[in-house]
């Protein structure tokens, strides 16, 4: 028997570190997600013109860009395991919980990287009110947590289906609907200049959504992973 | 057998009564009679989807494929009733509020329910192995159901509802419907529920026969 | 003393029955060879025993003495070597070994890794990505992983496929080294391999 056993945290960390290392060596998911985000952003900016967009329109556009970019890359962390046939070894040796937590952390890092690149570009391309960028950050952070929290389980589901195609977006959209509605509402208030205080209800909602979805994912993940 | 005859007689009587009694809502007039069907259909839709989720949970706990069969059968019924409720609601919306679709919170919720179960059937189509199909779609239907309370909470804050709050009970929880309206409405609700359980029972029996035939062939 | 029990185990795909009413009990030191022609369900039986496929009927129990092992302990104590078990191509051999040992709840040092790499004849190749390995070298690396995890249960599916003469010799040597302290299950068609086992189960008749 091995001399000592390690806990959930170090197992999850090992999964996370492994996926980050694989990603840094191929940069497949990051390239896909960034290219998708920048392309859609450019199309939006080019076709709508730069100035005079209302806060309502700006907030909807921002989250549409983020949603579809996320859909282009977040499933990769599970699909890669199935396509390279490494899922078998991982399933044999790793418990489901650390696998889920490690992959959730990976998807969160991926989305955060995208948000860090895309948000400044969005403000530049669309002339969104840059003075509100600080109060926008909490909304953005909660959005990134909610998006990765709700879609990582869906990514695990679709990686086990034989036809993947558009399935990820089809399965994710209804689940993300409440999140996207609240995100657009909160962003609209922030861009409109009413400050974070006005969006407090939405922020609480976003937080509750992320907590519930991650908890539910943890409970359900083993049924997806082990069959 | 007797209850099937009762259901037939009851349905016939309810449909006739819904047309010959005075219209339930005076301002909207004749077209408000759709309310006798629209609300029971919406109720069956919710009941059927909730039943489907319960069967999915039972499948994941027991791994007995029959529970997955029942989950799909009731989800199919739920989908049909959901479409019926959407169509009847949309017709009524055109007459009462001026357009077929308004993104009213309840319209949006029904739309999202249709999306969820559309995705559920798409997922089932994409997995060949029966046990895996059952587990994956079961997890998805439970996971999607978790988001429904969030939707119900967030929507009215964004768009005010056009649906009347007091069509069945007003804010003091008293019935505002006239006695004849009340009788027909609750009769319709009960009859639709019996009809749903009958349909569920029939599709369950067909599903079991299909399983028996598969066993015999193997 | 570890035990592996199968009770009334059956698996079928639709109309095709692979095995049924399979009963056995193995304890540490025992070994079982599963033999049968291609497509008779050897790999399916192995996968079912490993818990990666669900049996149509019956149950499998991993136990230490009389206490049943929980899933996490079982994952730490089970090792599997097979040509269709893939490691991460873009990680180095060392990174692969370290990752799988850590994630199964173990702990490993660089020294231990070097030692097992030497044992399987891969010394000096630890820093190379597995993508650059030949299929025989990959198979050797899986033996290194099995050695490191010091398994109480060792499952081998076609244990010498892809291996050259030298590799086969190393594999047999390692199996002999591990078998005293583990329960050994081999799925194979090679006579020399199933003679490693004390009991045989024949599939596909």
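As written, the chains take the letters A, B and C, and residue 1 is the first residue of each chain.
One rule holds in what follows: a residue touches a chain if its C-beta (ideal position, glycine included) is under 8 Å from a C-beta of that chain, and two chains touch if they have at least 3 such contacts.
Worth saying up front: this structure is predicted, and the values here are computed from it rather than measured.
Contact tally for B-C versus A-C: the pair with more C-beta pairs in contact is A-C. Comparing the CA-atom centres of all chains against that of subunit C, the greatest distance is found for B. Subunit A and subunit B have Cα centroids lying 32 Å from one another. A separation of 50 Å divides the Cα centre of subunit B from that of subunit C. Subunit A and subunit C have centres, each the mean of its CA atoms, that are 37 Å apart. Counting only residues that touch two or more partner chains, subunit B has 131.
Chain contacts: subunit A has residues 227 touching two or more partner chains. Multi-chain contact residues of subunit C (touching two or more other chains) are listed as 54.
Within the complex, the subunit A residues that touch subunit B are 150, 153-154, 157-158, 160-164, 167, 170-171, 173-175, 177-179, 181-182, 185, 201, 205, 208-209, 212-213, 216-217, 220, 223-224, 227. Within the complex, the subunit B residues that touch subunit C are 63, 131, 214, 217-218. Against subunit A, in their complex, subunit C makes its touches with residues 50-52, 54, 71-72, 75-78, 80, 84-91, 95, 99-108, 149-150, 152. Listed in rising order, the residues of subunit A touching subunit C in the complex are 1-6, 10-11, 14-15, 18, 21-22, 25-26, 84-86, 88-95, 98, 226-227.
Subunit C contributes residues 12, 14-17, 54 to its touches with subunit B in the complex.
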